[in-house]
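There are two complexes below, and they share subunit A, which is joined by subunit B in the first and by subunit C in the second.
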Partner chain A sequence: MTAASAGYGKALDLITRVRGVRGAMLVSAEDGIVVAEQLMEGIKGPAVSALAASLATRLRRAMEAAGVGASLFWHLQAEQGALLVVPTPGGGGTLVVAVAEPDVNVGLVRLELLRAAEVVA
Partner chain B sequence: MADEIKTLSSQLAQDPDSLVFLRLGELLRQKGHLDTAHRVAVTGLERHPHLPDAHDLYARILADKHDYERAFDEWDMALRIAPDHVGALKGLAFLYFKVGDVQQAAAHLEAAQRAAPNDPGVAQALAMARGGGTEESGAAAPEGRGTEALIEPEPIAPAAQPLEEARVFAGLEGAQEGLLLLDASGRVLGGALKDPSGGDVTDAVAAYLAGVSQEAARTVKLLGLGKWTGLAAEGHLGHVHLAPPTGDALLLVVRDRAVPMGRLAIIAQRAALAARRWLEAHA
Partner chain C sequence: MTTRAVETWTLEPLVKFVKEAGSRLVLVMTSAGQVLAQHGFSRAVDVMSAAALGAAIMASTDEMARQLHQPPFAALNHQGERHGIFLAGLATARGRLVALVVYDLDVSSLGLVQLFFEQLAADLQAASPKDSVPKQVLAADFERQLSDSLNTLFGR
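Showing the complex of A and B:
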């Protein structure tokens, strides 16, 4: 195991240990490819990562155009769960992504995503 | 009135826990001294946070300052404490009229009438809501009249009607600078967006958001999460919230970072309701 992949595993551990989190991924923001993942069975990592990266790009451009700056955290809410995303700081080009149950503690996941992003960056 | 204000101010100075702040705040509001009234109401609320009349007073002042979202919250809070509070029921009816929801306005007025059957203002407003009207019913609400429009009901419902026809988010805070309704192709249906320097960024933002609704729907479908209900994003200088008022349309709410994400979600819910109603009316 390389130091980088061990670091990625540690970063994902921070997120998946939160109750209600079904999985976490590191995704390349540029092309939507999965860099590392810890997902529960049944979650289609590569497809979700591609769509998450595409959404992140659109959102970043829209937010910059609106004058609110680049996104620090975003949260796609759905009837039966949520996708939570933090881009790594400093324009590193990686998204830290969590898939969660609907009743997850969003504030806690956000904190762990931000911590994981620091680790990855 | 000036003498009474002076007397009440003096009484309040002597006994800051006194309830005279209610009368003092209302008199100041009626005189148009909204900032002073605001201070009196906030100080009173700090000392009496569970007093429904205090929330009602604060809501009236906020409504006069055109801060309708917070006024809604305050009247809502007054009703949570006292479900039959006539002032709060009338206030919420006023706000519902402003966004064109005559049905909800009438429901609140009916509740107010049950609580205060002899209040002529409520009866008159209710008659208007039910389509009765009076000779003055075509008059527009005069500027600066604030919540008095409900107590003197003739201007309310008729004023809301043409406004709604023209603007999706009429009556909602930020309707022309922080609320945007788009179709699936990113075409603007209503609202407008300005950046912090005041520049119009409506079209640029709309273009970037084209297709976001479909992409969000695909993502949650892939994850087996049902329908997407919202997308909240935190930026360096502000927050945004996206919501699908109907299947294809997309609503965007933008506020600065002072507005917490949770509050933004509530604002977005209200705006989505207005957008859905407008879309249904124009379908």
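Showing the complex of A and C:
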């Protein structure tokens, strides 16, 4: 294991330790491929990765069109859970993604996602 | 952009794949390069070239895998500045088929193409006629069959 991949594992570990988080991933924003993952059974990593990256591309365009700059954090709340995403700073091209229960502490997950994004960047 | 098929059972899975993966051009062909369905091509000559090149790449990588004592490579992706090319084999009752997918990087991604290709492979497997024997294309009939296929693929 390289130092970089060990660092990625540690960053994901901090996210998945938050109560209610069912998995965390690092995703290449450009091609939607999983870079690293820690997911509970039943979560389709490649599907979440590909679709989240596709959504990130469209959101980036929407943000640019709206003239509000790059997105820093997004939280999609669904009936049975939530998807939380932080793009790495500086346009590094990686997304830090968490899949969580509906009642997760969003503030805490956001904090850990931002920390992980710093590590990855 | 139109989607057309020489073998009609390929049409519905292909239309679904194109819509979901956001691909620009798609060919579904046999490993010999005989085209069964296409999406997005406007000229017959482009279909013939792409099919021949795609089949040749698959044959080359299959041989490389054989020399490495490995099973055939599942898929090959080549990413350029604006487009990506994805080439992969899939098993059906009609025999082994090859899909060649060209996608725009600002519309789709490798992850999306891979994701929906798995569904395409499953859909084609399910839709392929179970009792059909793949037709052998004889050299004497090759040109006529190619011409017939291209006429069907371009609605002539």
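Following the convention adopted for this analysis, the second predicted complex is superposed on the first by the 121 of 121 C-alpha atoms of A that agree within 3 Å, B and C clash if a C-alpha of one lies under 4 Å from a C-alpha of the other, contacts with A are read in each partner's own complex, and residues count from 1 in each chain.
Keep in mind that, in the parts below, a residue touches a chain if its C-beta (ideal position, glycine included) is under 8 Å from a C-beta of that chain, and two chains touch if they have at least 3 such contacts.
Because the structure is a prediction, the values reported are computed rather than measured.
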Query: Should the superposition on subunit A be reported as showing a clash between subunit B and subunit C, or a fit?
result: fit
Message: Let me test your reading of the model: by the given contact rule, A:9 touches which partner, first (subunit B), second (subunit C), both or neither?
response: neither
- prompt: Between subunit B (first) and subunit C (second), which does A:46 come into contact with in this model arrangement: first, second, both, or neither?
  reply: second
Partner chain in contact with A:54 - subunit B first, subunit C second, else both or neither: both
- prompt: Comparing subunit C with subunit B, which touches more residues belonging to subunit A?
  reply: B
- prompt: Does the superposition put A:33 against subunit B (first), subunit C (second), both, or neither?
  reply: second
- request: In the overlay, answer first, second, both or neither for which of subunit B and subunit C A:89 touches.
  value: neither
Task: From the overlay on chain A, compute the angle at subunit A's CA centre subtended by subunit B and subunit C, rounding to the nearest 10 degrees.
output: 110
Minimum C-alpha spacing, chains overlaid - subunit B and subunit C, in Å: 10
Query: Touching subunit B and also subunit C: which subunit A residues?
result: 47, 51, 54
Statement: Interface with subunit B, subunit A side, in the complex: residues 42-44, 47-48, 51-52, 54-55, 58-59, 61-63, 65-83, 99
- request: Please give the residue numbers of subunit C that touch subunit A in the complex, ascending.
  value: 79, 105-106, 108-112, 114-115
Statement: So, in the complex, the side of subunit A touching subunit C is made of residues 27-28, 30-33, 46-47, 49-51, 53-54, 57
Complex interface listing, subunit B residues touching subunit A: 193, 195-197, 199, 201, 204-205, 208-209, 211-212, 215-216, 218-220, 222-240, 252, 254, 256
